[in-house]
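Below are two complexes that have chain A in common, paired first with chain B and then with chain C.
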Partner chain A sequence: MTAETSPGTASGERPGRAPYLLVLPALLLFVGVVLVPIAMTVLLSFHEWDPYRGIETVLVLDNWHEVWSDGYFHEMFLRTFRIAVLVTALCALLGAPEAYIVSRMRDPWRGIFVLVVLGPLLISVVARTLGWALLFGGHSGVINRALIDLGLITDPLPFMFTETGVVIALAHVLMPFMVLSVWAALQRLDPQVENAAASLGAGQFAIIRRIVLPQIIPGILSGSIIVFALAASAFATPSIIGGRRLKVASTLAYDEFLNTLDWPLGAAVATLLLVALVAIIVGCNRLVERRFAEVFR
Partner chain B sequence: MTFLVLDDLTKRFGDHVAVDGLSLAVEEGEFVALLGPSGCGKTTTLQMIAGFQHPSAGAITLAGRDLVAVPPARRGLGIVFQSYALFPHMTAAQNVAFGLEMQGIARAEREERVRQTLALVGLAAFADRFPRRMSGGQQQRVALARALVIRPRILLLDEPLSNLDAKLREEMQIELRQIQRTLGTTTLLVTHDQSEAMALADRIVVMNQGRVEQIASPDEAYERPATPFVASFLGKTNVLGAEVRSNRASIGDGSWAVSAGDGAMLATIRPEKIAFVADTAPATLSGTVRNRIFQGDHWLYQIATPAGLVTVLRQNTGEPAPAEGAPVRLTWRSEDMGLRRAEPGRIGARA
Partner chain C sequence: MSRNGPLALLFHALFVVFMLAPILVTCVVAFTPEGYLSFPTSGLSLRWFRAIGRYPEFITAFWTSIWLGALSSTIALGLSVPAALAIARHRFAGREAVATLLMSPLMIPHVVLGIAFLRFFTQIGLGHSFLGLVVAHIVIVLPFALRLTLASAVGMNRQIEQAAVSLGASDWVVFRRVTLPVILPGLVSGWALAFIQSFDEVTMTVFLAAPGTETLPVRMFLYIQDNIDPLVTSVSAVVIALTTVALIVLDRAFGLDRLLVGGGREDR
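Presenting the complex of A and B:
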């Protein structure tokens, strides 16, 4: 999110004040609802908190020291990024072939399946996640009960309050972003390219591996960045599937704010999550741009 | 011996017949052009030969073997696509090498053949360029090299020059012809551009609405078009109503000695075969110059005559050209005129 405010300074052109005035409303909104709250959160993370006296407006590094040295927080952040990486990998593994298959469908079906793929975006994330809970939640979950009644399993499949459960539910929620991103890359593919490869003696597998995949990799990578960012900062799904027992960075920050009421510590966790995410995403983006600049510009 | 045979080839898409009973025999080393307006079935025919479309009926045989049952990857044909369809993530050399890799040819030989083929199309210095950094003409050459390097049994060209500008197109025509002559590869060209087909091909297959109108050498198709469609599609032509009586055809106020049965006929005359004359011999048509357009090496006239509007093309020889509104008399040799029986309602139809 960078606000491009520099006006054209080409020789002989005097842009005047109009461009500044035109971006002013958007800029004010951006500063008001994004930058100021972030700055306040960062500032908050340096305050002190006491169970009896509440928040004290001093500047100390206590919260940061706690987050940095306590193994509990290490575990939280490690879990958060482990889940985000697994969700991203799962989305790429399933979403890229899904986008390819749907894009190759005939006309009525293609539209229908695009709608099916985008369907999850139309339903509230809470409703979708509770759906998973209904299917797999302990002994009463529909699928678990069916499998037990069929005698296929004796104990319910562990899903609720497990990392696997969180990863599956998040991958389901975030799949459309990957599919759309790969879809966009596939649209740029010359449909004749696959025929050209076939005429040169390439089989279907060689065509996908050597011709299609390298061309949609930028789409997969940009989809991965979106999915990773959303998975690492997701709140609703981890809090419903993972609950108190399986906390991630965002649910941890929430608990610090609303249960422990230790706002400064929550702010430190939230700030660290933001900084780590920005660093990872910017780093990945750099890498992608450098790697593919020659071919795709 | 006949190399490629298309026998009664038909392709239907639902109710629409894209290719309707096309039969064609191509000799080894021959350069054949499929020529026709868009939607005439020429590209569908090419796609059936390439294997991207399955024929609804009919057979394709290559060197005596049935080709329809062979998957596209095993047909060993080189194809140059209209969009070039280069692999954008590979350099020119990698693009050209791809077909050889698929054939499992060893690295040393592969590199040698890629180098030779790129040199053949004049791109020796561009081996490591990516397609996106090449001009249209260069991309076109890479596509050609990629198709040629596998030593295809047939080279299929799908509107290969239509994305190039006029000057480059002319250059590539000459070069394409030269390369085809050098390698002796049997070549099938699909094009809607009649001048391209005539410049490149040994034989032209003129197609219209899925059917073959005429298969002939370029000059034969031009001089003796088999159907009105061919006459109008290959170059410009005048179609005038004629009345034949006792071996004389009356057109407007002129009459020509012909050998044809009596009745209403249609006469077709190429614009460049018509000359201006001063005398009033019987075989002349009077008219006035409606329009004249200067085109450098020639003048294009539209002459209003009793028989209708006649297009005349005259070489710019430096002699004074008749001005607009001037009265003129037109003549042409009887043998330059094609005559056919007029179908009701077709009189005066001209392209």
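Presenting the complex of A and C:
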């Protein structure tokens, strides 16, 4: 081994080629297999597709014009972002209080419930969505039977193939990301400040509103950005719960690629999703960082 | 610190039910003795677990997932270690850009990556191949391996390396005998997280997999698209059980919250 290729040497601070050689393998892979394919996909969205001749390598705006002017696509993108907003709100409203409650527990409960609340993150999304399909499932679904038995409703509520069902299942799938983000913010909290407020006569509600909430808002916001991005681009859950009729951006792109075979149109939908999401994520990150710069320090 | 009030504990109980209900219902339905989906079941039976053995496509898909996960996380880790050391220890031009690019698969929707890889691999003649799948999975799991490797490289005490150098150790010996053992826990947790991400991935893989290279989540997803029966719930129950064991081991070894937060967020 020569000095250039051996990582982690103590003489590593010397400026020169060393860092470049160390990042080179990963960098080459990512330029070749991430940047190039994405550029190709953007280019593909300007090609034309014909049912008989396939993809024609011309540069036209037909696909973009179709996505831009067809009400079907407007409705689909609107639905995608409506679902993402609702899922984000649900995760923030339920996940943030839960993270706070678990953080106030003592061991061993604290450790057990961290596992219960964060663990599902690593369990297969398909398996978890299947669980919701079983809970929702038509007339015999567990939730509807329980609600009817409790006398809350008389007729089964529609969950399968509806936005309500997709929102509930997606909120479950993405909830750990919100809890994790708020949890990380709570770890930086100094419990002595809460104790000081309590000793000065502040009630529990005042402590949460005046002491805890202001400090975990950055955590809620960064969690919201993550949940929103993942909800807007979710595929397996809307596909299984939403079925073939309730299309969102990613399931529509999938259909264009693997069923209709209109790759250029699918590429246009995917490109639009990517651009919209990157714009929203970067914009929100800027906003959050500027607004809460002092908290992050 | 004051304790949680009764209202808070009620909220907590409902939240836990919400998180566990879909997972438990799948496991219960998997034990049904009936030929259809039933809950609660009229008895317990291993009938549908034995049935998995008669559907070799699930078994094949399971092994594809295992090999794919092991290969892609190992290679991703191999690429992450030098990259993490460079990013943690050197201030070089383009450092931020390199880090952003290597973490970018976390921000790009997997459906977009799936489409991009499908187009790219078809063009270069790797469409629907296992090699293509491995390369694609390296890209999506690398951020997870890199994040944990980076966290342990940043937190490392550099003086023990300098001590080794002053005692005459060569660069390679310093890396192998000093640096590597110190950052090893970070590497192990990074590999484990990368493996689980690969094992779980369905959105991107569904674009690239073909009969023969289908992973377990893809096979399950395609099966559910056709119909939901007790067989797929028993397959899910097995996946849930295996993941739960892995979860408990990871939690004991590293602490699940620390593993997932990644030793402080780097995305700022």
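Assume the second predicted complex is superposed on the first by the 270 of 297 C-alpha atoms of A that agree within 3 Å, B and C clash if a C-alpha of one lies under 4 Å from a C-alpha of the other, contacts with A are read in each partner's own complex, and residues count from 1 in each chain.
The working rule: a contact is a pair of C-beta atoms (placed from the backbone, for glycine too) under 8 Å apart; a residue touches a chain by one contact, two chains touch by 3 or more.
Since we're looking at a predicted model, the values are computed, not measured.
Contact with chain C, but none with chain B, is seen for A:His172 once the two complexes are overlaid on the shared chain. Once the two complexes are overlaid on the shared chain, A:Leu93 sits clear of chain B and of chain C alike. Of the two partner chains, chain C is the only one touched by A:Ala184; chain B is not.
Once chain A of one complex is fitted onto chain A of the other, the partner contacts of A:Leu61 are absent, as it touches neither chain B nor chain C. In the superposition on chain A, A:Ala146 contacts neither chain B nor chain C.
Once the two complexes are overlaid on the shared chain, A:Asn195 sits against chain B and chain C alike. Of the two partner chains placed by superposition, A:Ala279 touches none, neither chain B nor chain C.
Set side by side, chain B and chain C differ in how many residues of chain A they touch, and the one touching more is C. Once the two complexes are overlaid on the shared chain, A:Phe113 sits against chain C while remaining clear of chain B. In the superposition on chain A, the residues of chain A contacted by chain B and by chain C overlap at 195, 198, 296. The touching residues of chain A, when paired with chain C in their complex, are 1, 3, 6-13, 15, 18-20, 22-23, 25-27, 29-31, 33-38, 40-41, 44, 94, 97-98, 101-102, 104-105, 111, 113-135, 137, 140, 142, 169, 172, 175-176, 180, 183-184, 191, 194-195, 198, 204, 222, 229, 232-236, 239-240, 249-250, 253-254, 257-258, 263, 266-267, 270-271, 273-274, 277-278, 281, 289, 296.
Interface residues of chain A facing chain B in the complex, by the touch rule stated above, are 190, 192-193, 195-203, 206, 210-211, 214-215, 294-297. Contacts from chain B toward chain A in the complex involve residues 50-52, 71-79, 81-83, 85-89, 98-99, 102-103, 130, 132, 146-147, 150. Residues 1-5, 8-9, 11-12, 15-16, 18-26, 29, 37, 39, 79-83, 85-87, 89-90, 92, 95, 98, 101-102, 104-105, 107-113, 115-120, 123, 135-136, 138-139, 142, 146, 158, 161-162, 164-165, 170-172, 174-175, 179-180, 196, 199-200, 202-203, 206-207, 217, 220-221, 224-225, 228, 232-233, 236, 239-240, 243-244, 246-248, 251, 256-257, 260-261, 265, 268 of chain C touch chain A in their complex.
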